[in-house]
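Below you'll find the structures, each written out as structure tokens.
Next come two complexes built around subunit A: one with subunit B, the other with subunit C.
Now for the complex of A and B:
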């Protein structure tokens, strides 16, 4: 990781009202908060209909990820992520686009932030979900290459085999509500 | 659940499902000389299977048997594999930036090649030089050359000498534009052309100049995102490419060193990760105009099979045009998972057989049968 500071004084935003309903729902029924290897709630296992997951529930998964540059703050506090920036493909409810907003247009941490969102969702959502991650249009000077890298499955797979990167990633994800026990 | 498109002239039938990889399966390769199928995975293993190809198997009784698992010792994902034309040597391309060369000690011509293949496979050579993840390897038709490509934006050509001694030919190929990255490559057998597909949305074509080194004689543009995969037609006159822009483009060799895009195939909803162009088995009798079958797959989990034809133009019979027709399609081939690879079986009589590798760690073998 670079020691360069990209945004020394970020603006901090008050968190939106915690979505109690989604949170309360998510915790006990941990089907999609856990990896598939953990015991799953039978009630949900028996249903043929895949449970539908809404914007707030996806947001709940990523709002508490730590910012890699300001570890004590979450992506939500820095307004990097927000619920309205999560959209569903109208024809396929299991295809999601998560948009995020780097705090500054030259933010060198943006690929890392995008990767942390991707990994969080990869580990938490049922496997049927296909996730595209993009920076908000106009919010980053290297928007195109950033989007390309974040959605390149080879790059993501290779990044997750990099122990140094993975260590920082785990630290940023450890604040995201639910520790990941695997890997 | 796997769903079939019933309206098309052929169906895709699952022949066998090969389990055993503990992580995403990236690639499969049919041995060109022996009835062996190899697969590789993020679990760093290569798995070898034999299959019975009895000539009278009119039904779907082809059986796959696990022969052996090669723990490659690569430090990271084994992304791609390639058999040498003799079928005796297997090359592995790994994200640890190395290429492994695998063979069996004292492998001589032996009638009973398959049972031999269950024995120990050794790493005969480790080709180092790439700076970042190796993504693909390909042998030339003679087996005397091996090409490798990497995220470090270079293609290397290695000369294979006896005793598994590989020598890098000159500087890495050379120089690619800064934004480019080779994602996949394929060595064309008849045309002596090396093609590389790139992260910069282009395809580069190289030839071996007897006077000089290999050089890029054309850059093909048209795709709107990363080009993931390439396949030459069996006759070498066409090249197909699959991209993150969800399309497949067909390029024709219009002059000796000039290729042009002649067709765009649509139908995928996410990245096209793999295509394979085989001879196929014409559904309605022997068809001289048929250019074989093209199979494609990717992030949408769909497998398409297209019949490719070349026709004389009605206005000018000397002018030939290529056409395609969808003959079979299957959804959710690996359940909800991405399909990373599709490869036709090269074995005579089994041209309607193909294998796939998926993010679910499975390798599946399929057969195209008339509806």
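Now for the complex of A and C:
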């Protein structure tokens, strides 16, 4: 991996709070305040309604991936990823597009960032999902080739064969899923 | 030519004059002689038996070497000299001059990588830093520094050997001159070498100790250099700990430089030198508050706040106006939130600096922040209005409020007024509201007047007098939210008193609407009951929080609240005979009972006695006037007799027996039965010594007629088993043998198909924790009762689960699952090897609750201490564990969300606790199967599946 630094002093954004913790009392369809006497069981079994995978849940998966250049910061803190940049195909709920924004247009880490999002979702989303990963239009100088690269199965697979790259990738992914983790 | 060299050598050995060194060096530089000639001439001295002569011999060589022009030293000469000097390091008499020579040698162009490795190895092998003085150690560091600068790759190839050797050299170094060099070396090692990070931290810690010792002169001298090194650690940190240590060292450096001069100088003198320069640097960086470097810069400034008063004042004078200006700059509008974050950090640092050191505590009004108070307050209150910047604004305000002597009472009121606005308009539950409440409870801890005078009235007004109808969900959520705010704010005694008054008034209105409203009263009472329940629950929660922090004012509510509650509920119970009323709902009774219990727990024995008397008078003799008092008039013509039978109090045995019968004959529902069973258990637990006949005769009778008689309905038998469970629990806690008698009886039921599992669960639950027989409720509890119980019961369960026939075996497994859930881990940990196979069988029982608790037990075993042993145990059963857990984690096989979550969590733990070579064969299967769990219909399950699958992906040898 190149030791060139593309953006030594990036802008930091305050993270949004992990899925706004619904308060115990804010239970729809109930007159009664939760009296805290419920067992864990009852809490889980409250309704049988299936909860489908939504934008927030996917964002939750990728927000805490570390930035490869600034390992102590997450992609969310650098506004590389955000919830609104995750979209579902209205006709096929299994097709999603994840857009990300490199911090600078010449960022040489963009492929890597895209790859880390790709791998995280490959591991965490059910197989039926087809994920399209692309950089935000106009945010990168070689946007087209980047997009092509990131959605080329063979190239992704080839990249993952590279042990050195895989090691850095695992490091960046190790923070994923732990939004409160202090680096 | 060598004669001349010979002569120079002899003269120098005798006289040690500078001249001979110079002459010898010039002979060599003019090419009239070579260094090797010199070595030859020195020969006899270098090998002399006399220590002194050997020292001098090597010394002369090194001195001449230092003056020789580098180009005169060819590869061969250097080669010879390297092995010569390395050899001399072994000799304690020549080690010092040899080091001197090596300092020169290692800088020469003809010196090569293999030489570097040889020198380093020789130094590591022979040089003992502890016996050297500072200047000599300095030479060692210089040599290493030369080598690291020029032969890095060769040293890297030595990898660990070099790092370890270097650490032992640098360990314990305390002299700042040497440390400077060590520090430079560390930096290279850290960046380019694969090192554990603690080397550098050691250096920083050492600096912390020795800087003050060496005093301001040396500190000032090396200030710039040190700061440059420290800066790297702060602004491009390798990790948080090192950054913190570097900040600490910076603090000490500043303290060392400035604290001495502080005394001699008056306060207004301008700060010069490092503090000023560093401050300027940071302010420059703070011009872009939204960037990552700004976060590091503010840390430096915050560190400066706790150095010396004058540096702190200077820092504030430079940084605060800068941040305020930035905030107000229209071009910087988008950066207001990060600007306020920086400001809040600085205010907090200023507060800490005055709080922790009483010497710094200024006379009234002379707080460092005081001069900037108005503008900072102004900026923060503006920030409060915008949701993006509200959080840092609240933090800043909170730190200001907590700064001793900074704010006036009016200013506190001003802040409270401003944050109240957020509470009122904030429709959405958010972390901002949490922060506001946090701030308000902070205020209420030292100035409750502002909260009770401003905030509470707003909240109380927004609570409706009558419950919103069933369909008005938004209104309901609004009152719940208000109550949640009140719950957080009202623990302080004054505020709690207001809360109790206001909420109990509301409660009366809701439960007993005034006549005019009553006529048109809605038929649907449930919304009112639910509202009343919420009001009571709020009081109960606050009470419980107050008891946890030991508030003394709880006691007085035995007079202020308890009689009102009894009055309301007794009144309602009697009225219910005529028409439906709100306060007869069991859920309301339960929470009211909780309040009363919480209050009575805190009373003195004397006051409790009086209370119990009044209680008995009311419940047994229908004399309610002692117990109940309130606005509702309890009907005089109706008798309050909840137990409906005469109960003789003076005879405890008869009393308990009557109650026991009552649970069977009169109890209308579970709540009533439980209440009476709890009463019996409490009395038994306290007075068992006087109750032998009850415990033998009456309980046996009860057992025979209600439980062992198979003709009794199964439901009734189950209720009776629950009663006996409680009785046994009460006895077990005080180590009464009666407990085990009941357990024996329960074991006998394991063959009885209709109640065997109930009996089994009871055996497991007897030692479990409960909310009635507790220390707080003054129960008699002997230590290690659970341990003793397990010592007797566990072996029987293990035995039974192994040997008996299958239906009976299952009952034993049920008992086991219930038991391990109710006792501390330590009571069964030592038996784990015999328990594990049984627990695995328990996972096949068709009962989700049992499966979940078995998985939890396995989880606890896998992650607990004493790991090695348990894990080798788990390793033995790896393949069956993995396949069972996978089965339990898929929605297609397992309907219970709870079980799926637990199973996935357990699967996620396995890679952490089981060796790769053992677990590895399962990897492909697990990853494939967990892929299916990712598509679970429930979000909570998917989350665990992602977590577990990630663990397995990363699981490599």
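By definition in this document, the second predicted complex is superposed on the first by the 145 of 183 C-alpha atoms of A that agree within 3 Å, B and C clash if a C-alpha of one lies under 4 Å from a C-alpha of the other, contacts with A are read in each partner's own complex, and residues count from 1 in each chain.
Everything below uses one rule, namely that contacts are C-beta pairs under 8 Å (C-beta built on N, C-alpha and C of every residue); 3 or more make two chains touch, one makes a residue touch a chain.
On a predicted model such as this, the values are computed, not experimentally measured, just so you know.
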Practice problem: Check the residue A:124 against both partner chains and state whether it touches subunit B (first), subunit C (second), both, or neither. | Solution: second
Practice problem: Give one of first, second, both or neither to describe whether A:158 is in contact with subunit B, with subunit C, with both, or with none. | Solution: first
Quiz item: Is A:70 contacted by the first partner subunit B, the second partner subunit C, both or neither?
Solution: second
Quiz prompt | Which partner reaches more residues of subunit A (counting touched residues only), subunit B or subunit C | solution = C
Practice problem: Please indicate which partner A:14 is in contact with in the superposed arrangement: first for subunit B, second for subunit C, both, or neither. | Solution: second
Practice problem: Under the contact definition given at the top, report the residues of subunit A touching subunit B in one complex and subunit C in the other. | Solution: 127-128
Quiz item: Touching subunit C in the complex: which residues of subunit A?
Solution: 8-12, 14, 17, 20, 22-23, 25-26, 28, 31-33, 35, 40-41, 44-45, 50-51, 53, 57, 61, 70, 72-73, 123-128, 170, 173-174, 176-177, 182-183
Quiz prompt | Residues of subunit C touching subunit A in the complex | solution = 237, 240, 288, 290-293, 295, 337-338, 341, 388, 391, 429-431, 470, 473, 476-477, 480-481, 483-484, 526-527, 530, 533-534, 537, 587, 590-591, 849, 852, 896-898, 901, 931-932, 934-935, 937-940, 942, 946-947, 949-950, 953-954
Quiz item: Which residues, counting only subunit A, touch subunit B once they are in their complex?
Solution: 94, 127-128, 130, 145, 148, 151-155, 157-158, 161
Quiz prompt | subunit A-touching residues of subunit B, taken from the complex the two chains share | solution = 24, 42, 76-77, 79, 95, 132-133, 135, 151, 179, 183, 199, 225-226, 244, 270-271, 299, 336-338
